[in-house]
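Have a look at this one before I ask anything.
Chain IDs A, B and C follow the sequence of writing; residue 1 opens each chain.
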Amino acid sequence: MTAPSHRSFDTAVPLEAPQDLVGFEASHSLAAIAVRRRLPFGLVLSFVFVAFLIAASIAPSLFTHFDPLVGDFSEGLKPPGWAHLFGTDRLGRDVFARTVFGTRYSLLIGFGGVAVGLGAGIVLGIIAGQRNRILDEAVSRLFDMLSSFPGVLLAMLIVTFLGQGMLNIAIAVGIAGIPKFGRVVRAQTQLIRDADYVTQAAIYGLSRWQVFIRHVLPNVLVAIPIIATVYIGSTILIVSGLSFLGLGPQPPTPEWGVMLAESRDVLRVAWWPGVFPGLAITATVIAFSVIGNHLQQRFEGRLA
Amino acid sequence: MWSRIVSRLFTSLVVAWASVTATFLALHALPGRIQDILAGDVEYPGLREAIAAEWGLDRSLPEQYVEFLSRILRGDFGTSYVLRQPVIEVVGSQLLPTVELALTAGVLAIVIAGFIALLTAGRGRFSRELTSFVELVFASTPVFWLGILLLMAFSFNLRWFPVSGAEGWNSLVLPAITLALPTAGLLTQVLREAMEKTLDQPFVTTVRSRGVGELVIRWRHVLRHALLPAVTLGGWLIGGLLGGAVITEKVFGRPGLGTVTLGAVLTHDVPVVLTVVLLAAFIHVAASTLLDILYVLIDPRLRAQ
Amino acid sequence: MGRDDRAIMLRSALFVTAGRVLRGPQLHRLADREEGGWHVRTLACDRVVDFDRRQGIHIQTEEDVVFHDGEKFDAAAVKANYDFVKKPENAVTAVSLLQAYDRAEVVSPYVVKLVLSTPDSSFLESTSNVKLGLISPKSLAKGDLCGGGRGLAGTGPFVFESYTRGQSAVFARNAAYNWAPGNAAHNGPAHLDRVTLRFLPEYAVRTGALTSGQVDLIEGVQPTDAPLFAEQPGFKLLTGPSGASTSFTFNINYTRPPADDVRVRRALRDGFDLEPIVKQVYLGTVPRAWSIIGPANPAYNKALVGSWGNDIAGANKLLDEAGWTGRDSEGFRTKDGKRLSIEVGYPQPYVRDNRDILIQGVQAALRKNVGLDLNLRLITAGEYAKNNANGTWVIYPNTDNPSDPARELWDMLGSKGFLYSNIPNPDQEITSQIDESLRTTDPVRKRQLTDAIQKRGVDQAFIVPLFAPSWFLAAKSNVNGLGFEAGLDSPSSAYDFWIAKK
């Protein structure tokens, strides 16, 4: 039995273990279980939902005629009904419209964060995956160090330096996510460098550099979109958490975390502003997780 | 075995040292003068001089680094210029409610996870799919939304629990459940996988053939083995609980480290945020090291190596 | 009780809002405000209303009053306090109230003469301000005034006991107290043994604390929660005038573009219908405002009611005239490629009473009606202080602490008031009117001037009044003796409170 480290455990989870809480990694590993038990219906549903999300990000006015930023002041806090599908908030704004328009923020910041983390993680992971023991140790310690800060707190520290706002929390979340991307890429790199065809290429006389560029790198990069999809869900969770705390987009931006924060004062008399944005977040995270893990299962065989 | 333990300790020290160094470098790498960064937005006569004196900014960078390191080792995390108090006082005074919350939530999560794993490991396909789905949902639910929902149901409507504050065990219930559920979601999966692996082991068949009841088997024999992989998750668990507590405290209006940190972030109080983050990192490293060593000590297979 | 604890943690000037929390129970002022006037809590007071140059006030203090730390409350103590406030290096915000104060002369152990350098019709009112609460000279000398109450020894009915950051402050009864102000309901020590102030910054949290019985009294109940307490068995709800006798207003820095163009300011003022916004946010519990001075203030200029606002067509016309004819992709007006954007920098620690929601409502309306981007930004206290010092603030939303109306106007619009003291070239007409209103001893003339100032302020859209705040107190029904103190923006001192046995 291989020596356990605090970072991995010998279970059915194919990739490195989770290191942050509140669904960061859970979504991917749990969905792995779900997918393996063959829930194609869930998969189809997820695809459809994600397609809808992307459409809502690009052209939200297709789905609603209300203005998410300006409401009718005499229609404040109306419950869900025919006129307003999700009801109205305290300034008379249509909650459904705000939820739909809010999609783009969550997706944008989520993808942005993943991009940042992935970008740095790829570089570091490839370096670590080489046969150089020292480099591997050094980069792995770097990952350990980064992941010893709880994700939320590390993101908050970065926001303290950079200031609030969408771009900054994307960067903060990205940096906090470097370890997990880096470790995956590292594992992938190690897997490929030990593969037969790579060894054969070396035997044929290709230099190490040529082997790397022509064989190792492309196969590592192929995995990237899959990795991104797997982790986008957990990234969206932490992004909306930071927005809820007030560190991301500011009101009146209809970002889901912001909407949930605003809903708290009126919860006693109006449940709808506090329910629907949260549903949106949960559904989005589930959908991406299911898809991501399905992709991961399917392409796992082809990667090595 | 001892070499493994020693090397583990060494790695932890390296990681801890790296965190401190990284924060130091980050501080100095930022654009702008250090005095301005540390002062946040506060301005009063003598402030810049006080900062320069405290952080030794007139000295060379390596000297500053050594000074920084030794101060951290002494437990002196500097002064918050926004609050005009030593940071360690600010943080220390608010530590207790957060520790209460994190501990309670952790214990709760472990209990829930253990219970469900016990019941559902190796059972029929339907129950596993169902619980998997439920776990997926809980793990995908933002913790602050979960808190809001629980607040609505149990505080506003049913009036069973207070809306906020830190008075008595009553106000701990909802926040602890909120924090525990997403964690429990993941832990259950880990535990169940481990249990199923163990259930497949030959010794279990032997015990079963002796006529021992299923539940007894699981409780007395299997659980112990299944817990081992979960132990390795301990450090991560603690770190995650601390991070989740920050958000949960905001939802429930609980005082604590989360509130302090959030306030510090919003007022650009760098020393406080730095301290909280470093402390959390140290706790994480210490906990995972301890647990890893525990693992090595417990698992006889590793001891022999 | 609930109160924003960030107010305590504010910056160097301890005396800002910490005063309301800590000083209310602990400290006394020289005079106390009453309905419609003031009560000088001293014995002999002569020649107060004599405003020749170099005159001042003779104050004779009571002889048996003692500070919590044992120091005597005598003429020297008064002098020590006022001198301390006046010194700029002590960074006390009350210094603005002592503009005209020159020095104090200790005439005899219990008689002090406060001498003014220029006549100031608002001075007596200023002495009743909570910010000028009196502290033991020993405390002043020790200098531990920012430590959260520990170093403050006052003469009030309650003594500081303990303070837990972010959680609570506890005050115990001062058994020696025997010098209640004239406007109190009783004399002698307070009824209550102990007062605990708990800091609960969120509305829902405070409301929940009261409904579950964890606290006895809360202040700052939002309108949506009022039905929980009004006419409910076991609870009572009190509505009081807010201590601030000015409305909540937008103060516009009229020297910074684009708001330096009066047409733009007027368009901002008229570009939305204020009434439904105020009604929606406050559920009809407070009226909209028409002037910078509040309607409960005797100096209110009634002629301004109905005289401005909600002229969207006119606002659009003004903006067209001013050259803001382009439109950008989000529908905002532009001129030379620049968006018509005006920032409201609202310091986070002062946000309360759903005022940020109100501003968001105005923001939405302006966006839709005239294409103006009212950019609401919650800023830190430090950033606000910097903007103020540099004169770079754009719109500052504010209610001013109560004082004499001329002093209030001076504070917000005057050339040396807290907003405009760092701005070159404030409006001559209004500042000279303000200065004269402070100097004059003729009440008719003063009234004329304050009316004119209010009118000009609104007419030139230096200020856009929003609403006249009110304050809600909710308590368990067995808490009695409640009231509002006109000088504080909070419930009256706990001195007269008592709790009925069930």
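To be clear about the criterion, a residue touches a chain if its C-beta (ideal position, glycine included) is under 8 Å from a C-beta of that chain, and two chains touch if they have at least 3 such contacts.
Quick caveat: nothing in here was measured; it's all calculated off a predicted structure.
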item: For chain A and chain B, chains touching each; value: C
item: Dominant chain pairing [most C-beta pairs in contact]; value: A-B
item: Chain closest to the middle [Cα centroid of all protein chains]; value: B
item: Most distant chain from chain B by Cα centroid; value: C
item: Whole-Å gap separating chain A and chain B, where each centre is the average of the chain's CA atoms; value: 20
item: Cα-centroid distance, chain B relative to chain C, in whole angstrom; value: 43
item: Between chain A and chain C, centroid-to-centroid distance (C-alpha), Å; value: 46
item: Residues of chain C engaged with two or more neighbouring chains; value: 202, 204, 207
item: For chain A, residues that touch 2 or more chains besides their own; value: 264, 267-268
item: Residues of chain B whose C-beta touches two or more other chains; value: 156, 266, 268
item: Touch list for chain C against partner chain A, complex; value: 202-204, 207, 222, 224-225, 228, 276-277, 279-281, 354, 356-357, 360-361, 363-365, 367-368, 376-378
item: Touch list for chain A against partner chain B, complex; value: 1, 3-6, 8-13, 17-27, 29-31, 33-34, 37, 39, 141-142, 144-145, 148-154, 156-157, 159-161, 164, 233, 237, 240-241, 244-247, 257, 260, 263-264, 267-268, 271, 274-275, 277-278, 281-282, 285-286, 289-290
item: Footprint of chain A on chain B - complex, ascending; value: 4, 11, 14-16, 18-19, 22, 26, 30, 37, 125, 128-129, 132-133, 135-137, 139-145, 148-149, 151-152, 156, 182-183, 185-186, 189-190, 193-194, 197, 229-230, 232-237, 239-244, 246-247, 250-251, 261-262, 264-266, 268-270, 273-274, 276-277, 280-281, 284-285, 288-289, 291-292, 295, 301-302, 305
item: Residue ranges of chain C in contact with chain B within the complex; value: 6, 9, 11-12, 89, 91, 146, 164-167, 198, 200-202, 204-205, 207-209, 211-212, 214, 348, 380-383, 385-386, 389
item: Of all residues in chain B, those that touch chain C in their complex; value: 40-45, 82-84, 90, 93-94, 155-156, 159, 162-167, 253, 255, 259-260, 263, 266-268
